[in-house]
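So, here's a batch of structures to check.
In what follows, chain A forms one complex with chain B and a second complex with chain C.
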Partner chain A sequence: MAKVLYIDFERCIGCRACMIGCEECSGHDRLSRMFVDELYPGETVATSPTPCMHCVTPACAESCPVQAISVLDGVVLSASHEKCIGCKNCTYACPFGIPRVDETRNLMYKCDLCYDRTSKGRPPMCVSVCPTDTILFLDEEEARHKRNKPVQYVWDFGGTTIETRTVIGIPDKQTHQFGYH
Partner chain B sequence: MQQHSQNDDFSQRPYEPITREGESLVATHCAFCGMQCGMNIRVDNDTMAVLGVEPRYDFPMNGGRLCPKGVSAYRQAEHTERLLKPLIRKNGVLTESSWDEAYDLIVSKIKELQSKHGKDTIGLYSGSSMTNEKCYIMGKFARIGLGTKHIDYNGRYCMSAAATGFNQTVGIDRGSTGPWSDIKFADVLLIAGSNTAECHPLSMPYVWGARDRGAKLIVADPRQTKTALVADIHLDLRPGTDIALTNGILHVLINEGLIDRAFIDEHTAGFEALEEMTRKYDPATASGITGVASEKIVEAARLFGRAKNGFVLFARGIEQHSTGSDTVSNYVNLCLTTGKVGRKGAGFATFTGQGNGQGGREHGQKADQLPGYRKIYDPAARAHIASVWGVDESEIPGPGISAYEILQSLGEEIKMMILVCSNPMVSAPSVGDVGEYLKKLDFFVCIDMFLSESAELADVVLPSTVWVEDNGTTTNVEGRVIHIKGIDRTPGESKRDWKIVCEIAERLGRGQYFQFDSPEEIFNELRTASKGGIADYSGITYDKIDRMNGVFWPCPSEEHEGTPRLFEDLKFNFPDGRARLLTFEHTGPNEKVDAEYPIILTTGRVVFHYLSGNQTRRIEALRKLCPDPYLELHPNLAARHGIGNGEMVKVSSRRGSIFVPAKVTKAIREDSLFVPYHWGKQLAINHLTNPALDPKSKIPEFKVCAVKIEKAKKGELPNGQSAVH
Partner chain C sequence: MNRESQAYTAFPKGRFFSKAALYVCIMAVVLLLSVYIGSERFGYVDLALYGYLWATVISILLFTARIAAWTSRPPSRTLWKQGMKLFASARGWKFLIGTLFDNIGRQRFISGRSWYRWGQHMLLSWGVLFSFGITYALVLNWMHFELVEPGTYSVVVFGIPLFRMGVESFLAIMLYHGLNWTGIAVIIGCLMAMSRRERDRKNLVEQTKDFDIFPLVLLIAISITGSLLTVSALWMEGVFYLGIALSHQVAVCVFLLYMPFSKFWHIPLRFLGVVIPMYHASYAQKGCSRCGREYATERQIKDVQAVLTERNIPVRIGGTNLQMSDLCSECRRVSNRLAASGSFVKLGQSQMVLQGNGFNGLTVVSGRTETRGGTDSDATAQPER
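== the complex of A and B ==
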């Protein structure tokens, strides 16, 4: 069964090991494709990692005028070196703000779930290094249904519904607040 | 790899690392912090260049996981600022020179100053980020190479209070009573004065492991740290009031019958006095002193007392105080009064800050210590070590003085200092004074791989290697001895620290005691020296470490498989086998707030930097994520001073002041401020900190001093107020 990223953001310590680790994957040209955001700066110290959400219907690929972004086994890949024209349509189209463009090479890059590692049966680099197991690499079924907390993988962007393969685990606000009011 | 059963409950994962074409992997450990996480360093087969890091999934402690320091640690190896040749100050300028010239100068100064002022005129100030082999050789070099009693190390600022606290309460100082996997089996965790999530991130899978089994988490910290954020109870105490807090918890435990009377009667001494003294620390009284709501104190005591198993974990937040060692003992009292020790899920531990904070305090680089955790004033210990070293017992000097006291005596009893693997111009308290002390030296030698803020002041700087360019062992936070595997290279003319001191000894005519060709030869001597001591390594070999993924001391014979968990027989390390329930009144910090300096300053680490930042501030990825220190202050306090988020603030104590940008946040108490300490010069918060020492352990009171703040005025900022080291 295909594996997906599961983010238990309650566990994130904001250390950015995932961002630096991302640079260490051999297919990544030392360019990090991970993001970590402060959730409520000044109110709490809570943070959360944002990898590519690997949409079931990816807006980045749909918006690409030269069809440079392909989907392989559910993984939305970086733009093809040959095809990409660096137009940034994908960066504007993505509701999560994931694709970036390397200005020196005029080339889009984004999370490809560490194809160089996952194709050899190893977890992606962010999952490998994450010191707190905030980021896990799980069977899709397990990520969506079998974790011990509420999850979200369907998102509403002003009436547009987007389903993602990356699954977010939500803190249980009934039992403890964990600063995530 | 088949794991030894000691690793059964750890974090390893079932993946092999990836080896890329033309490369080899060196299975070693991180340079930073006492977790000593396993990692593979990628090395080019032809050039031996360090290329990157690859997860070491099979190492039990971290299973390949790494914090940002760990992921980027290798980036110091090929760094352009590495020192590659010896530097000698000529006409006021540090100038590249030859090793012969540097050695000749050093040896002539040693001889000249010792003939004029006596052997003890040389001070050796060493560090705990070195391997056991190097720490051992520093102690030996000081005592019988230089013949001076003056050696101490930067662990004095770090682990000394925990060491003294453990020794006075249970008679042995191993940082954790059990293997780290024991944490997973606790029903309640009390973490005090430790921002575990940022300072020891790889402990968090163990904390979450316990939580996933239903454990409750109590965190005592003045700040809403990443660790406190996920706690069930956050005891947000006023800095410097831990003894009152723990007395309050003990009061509730005793008052509500949540203690283990049978354990107390059979395995401890001193309960009656503890019961009597804590009587007056009722929750309301404890709350008045600590600022923590009394209901939270009661609730924490009940959670802890009612749990069958529990672990108390602490770090510098409770230790770097003028009452640091007693505070440690009082936290341990929580385990001893409730019988939580000596089994899976029950015990106590201190988070070791430095890479080898544990091993570095065991083998003779402390002022009063000989290898194997022996006391230098114990005649039997002296006789044993004299026989191992092949010297007359009278040749081993007596006890010296502690690290900060060494700095204070520069220019007086100590005219020449050799500084190894440490950067007191960032890490010492009241660092402005330290700069003045260093100026009084006749001669100052520094061994380092980068030109640290301290090295900049030296007369001679000798280039050493980075951690992954040498073999050796370290001892991690658990007391597990592990094997640092290195690459066989010494860039430029750099040399390994142990080689440097052996070569100086040779030139001093003491070479017969320093004939070592490899770290393993040093380790084998260390094993013999430690035999029969408290920290007995005699049964540990490099092969055994590799085979078992680390060996826990004590390990008294080659057949012995080490001791992952202490006190399983509930016998503590005193002649009567009883732990000491010692009794402590709250006295508060050495420097209390007053009208002139009305706010409490506390300091600490961030996840992106290690100690004095001499390594991590040079790693671009880390520097970008945290380029500058900052001042955490509460919105209400900020409003009273008209300070907005990001505005520059002048923060001053009786000892000095610095300018830092404000980070306005509800994550800190209204009466306190926090500034991280990893920077030097005009960015060093240690200009302000209080050098008052704990009389027992000599740890300085970094964690509390009295300060005032003002919004910086236009034109007041010093030039060069920038992050870059």
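== the complex of A and C ==
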């Protein structure tokens, strides 16, 4: 069964180990594909990591004029080096704000689920280094159905449904129980 | 959710076939005319290159069909049209020359990746491009040499005598062996590329034999068999010439027919890339609807939104005229999380307040919203806090 990323952002302590680990992954050229954003800057210390959501129908690939973004085994890869022309369409089309363009190399880069590791059965680098289990690498069905908290993997953006392989665990707003189960 | 239920938008096949057939017919007529004019009414057709001629014609027609398919995609068509519009002005042409020099001439985009890759790519790309130029000119009979005086050649292009040169002059030797010089550059570039592919750990996982390795092997085969023709003619008294010529022709024909559907497809894409710097520089900047930071041009955001709408995946913010692309990347990430946490998302620049729509998207709860007439009005709902 395919494995996917599961993000329980309530557990994030903002250490940014995932970003450093991502930079270290071979082929990532010292550029982190992971984001850790402050949710209420100046008010609380709440942070959230965001990797690529690996959409089933990726808006980034749909908006690419040169078909540089391909999907391999369900993983949306970074733009092909020989095709990418650095137009930045993908960075604007993605509803999750993931792709970036390296201005120096004129090349888009994004999370590729550490394909060189995951294709050999190893977890992605961000999962390996996360000290609080905020980022997990789980079987797809387990991530979607067996976690005991609400999850996001089907998104409705004004009538457009986008399904993602990455699953986000969200705070339980009914019972307001903290996310450590 | 069934993954097949939201597959890629199907492109009407009839539209593609009629468009591709039209372009291919036009290109076939243009090619025929160019051969007719270049060979001075078929007077100088080089029959030794007959096999290459057909492979070249078929290759160009396949390329044309692929370009027709490519430009049918909404994002490609949009960028193509933008390029045409931008380069209709004098400023556009000035920009074009600059970006052609940067992107194609000195290939600055790859020097930022590494100097080794830049050197390898310069040797490969210029070797291949010059080889194309020489091969097409000879095979399509656009150029030929005429012996106008004993010991003097006239170089004739499209029936127009361009210049004269001595049969054994330095210039003539350089021209006769043009494909040898480009072949040497290609062989060095290919060996550098293969060496990198052996060492780069990421490449070892992602590269495929048919897409990444075979083109390099093919280029080396073409260059070596081509160079052996010279070796046979100059130093081996023509031994094995026929066999080498046949193997070279087979390698070149395989290359020409494989080219439109292979890694070499990126060559025309690179030429589209010259549009990008001007596309980014010619329009007013747009601020993020949440934080106000300038992050893109207004034109490009409109183009991207139109493209996604055409592909049936517009990413709207419910109850507004906004799409997610009206926010900068960071605000998109943070807004999704805030909505998931049950918090409100204040769009400071658009005087709106958003919250989760209950289905993992965003919807407006306060502020200016869309109406049927297309103009905005104040929403009545108030945020509950």
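Heads up, the rule we're going with is that the second predicted complex is superposed on the first by the 171 of 181 C-alpha atoms of A that agree within 3 Å, B and C clash if a C-alpha of one lies under 4 Å from a C-alpha of the other, contacts with A are read in each partner's own complex, and residues count from 1 in each chain.
The rule is short, and it goes like this: a contact is a pair of C-beta atoms (placed from the backbone, for glycine too) under 8 Å apart; a residue touches a chain by one contact, two chains touch by 3 or more.
None of these values were measured; they are calculated from a predicted model.
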| item | value |
| --- | --- |
| Partner chain(s) touched by A:16 [first = chain B, second = chain C, both, neither] | first |
| Which superposed partner A:130 touches (first chain B, second chain C, both, neither) | first |
| Partner chain(s) touched by A:44 [first = chain B, second = chain C, both, neither] | first |
| Partner chain in contact with A:159 - chain B first, chain C second, else both or neither | second |
| Partner chain in contact with A:119 - chain B first, chain C second, else both or neither | second |
| Partner contacting more residues of chain A (chain B vs chain C) | C |
| First (chain B), second (chain C), both or neither touched by A:26 | both |
| Chain B and chain C footprints on chain A, overlapping residues | 26, 116, 120 |
| Footprint of chain C on chain A - complex, ascending | 9, 26-27, 35, 37-40, 48, 50, 56-57, 59, 62-67, 72, 77, 80-83, 85-89, 91-98, 100, 102, 104-107, 115-116, 119-120, 152, 154-163, 168, 170-171, 173 |
| Interface residues, chain B side, partner chain A - complex | 15-16, 18, 20, 52-55, 57, 62, 64-68, 70-72, 197-198, 201-202, 204-205, 208, 212, 224-226, 229-230, 232, 607-608, 621, 625, 635, 645, 664-667 |
| Complex interface listing, chain A residues touching chain B | 10-11, 13-17, 19-21, 23-24, 26, 41-46, 116-117, 120-123, 125, 128-133, 148, 176, 178-179 |
| Chain C residues touching chain A - in the complex, by the definition given at the top | 1, 3, 6-8, 70, 73, 75-76, 78-80, 108-110, 112-113, 200-206, 263, 266, 269-270, 272-273, 276, 279-280, 296, 300-301, 303-304, 307-308, 311-318, 323-325, 327-334, 336-338, 340-343, 357, 359-363 |
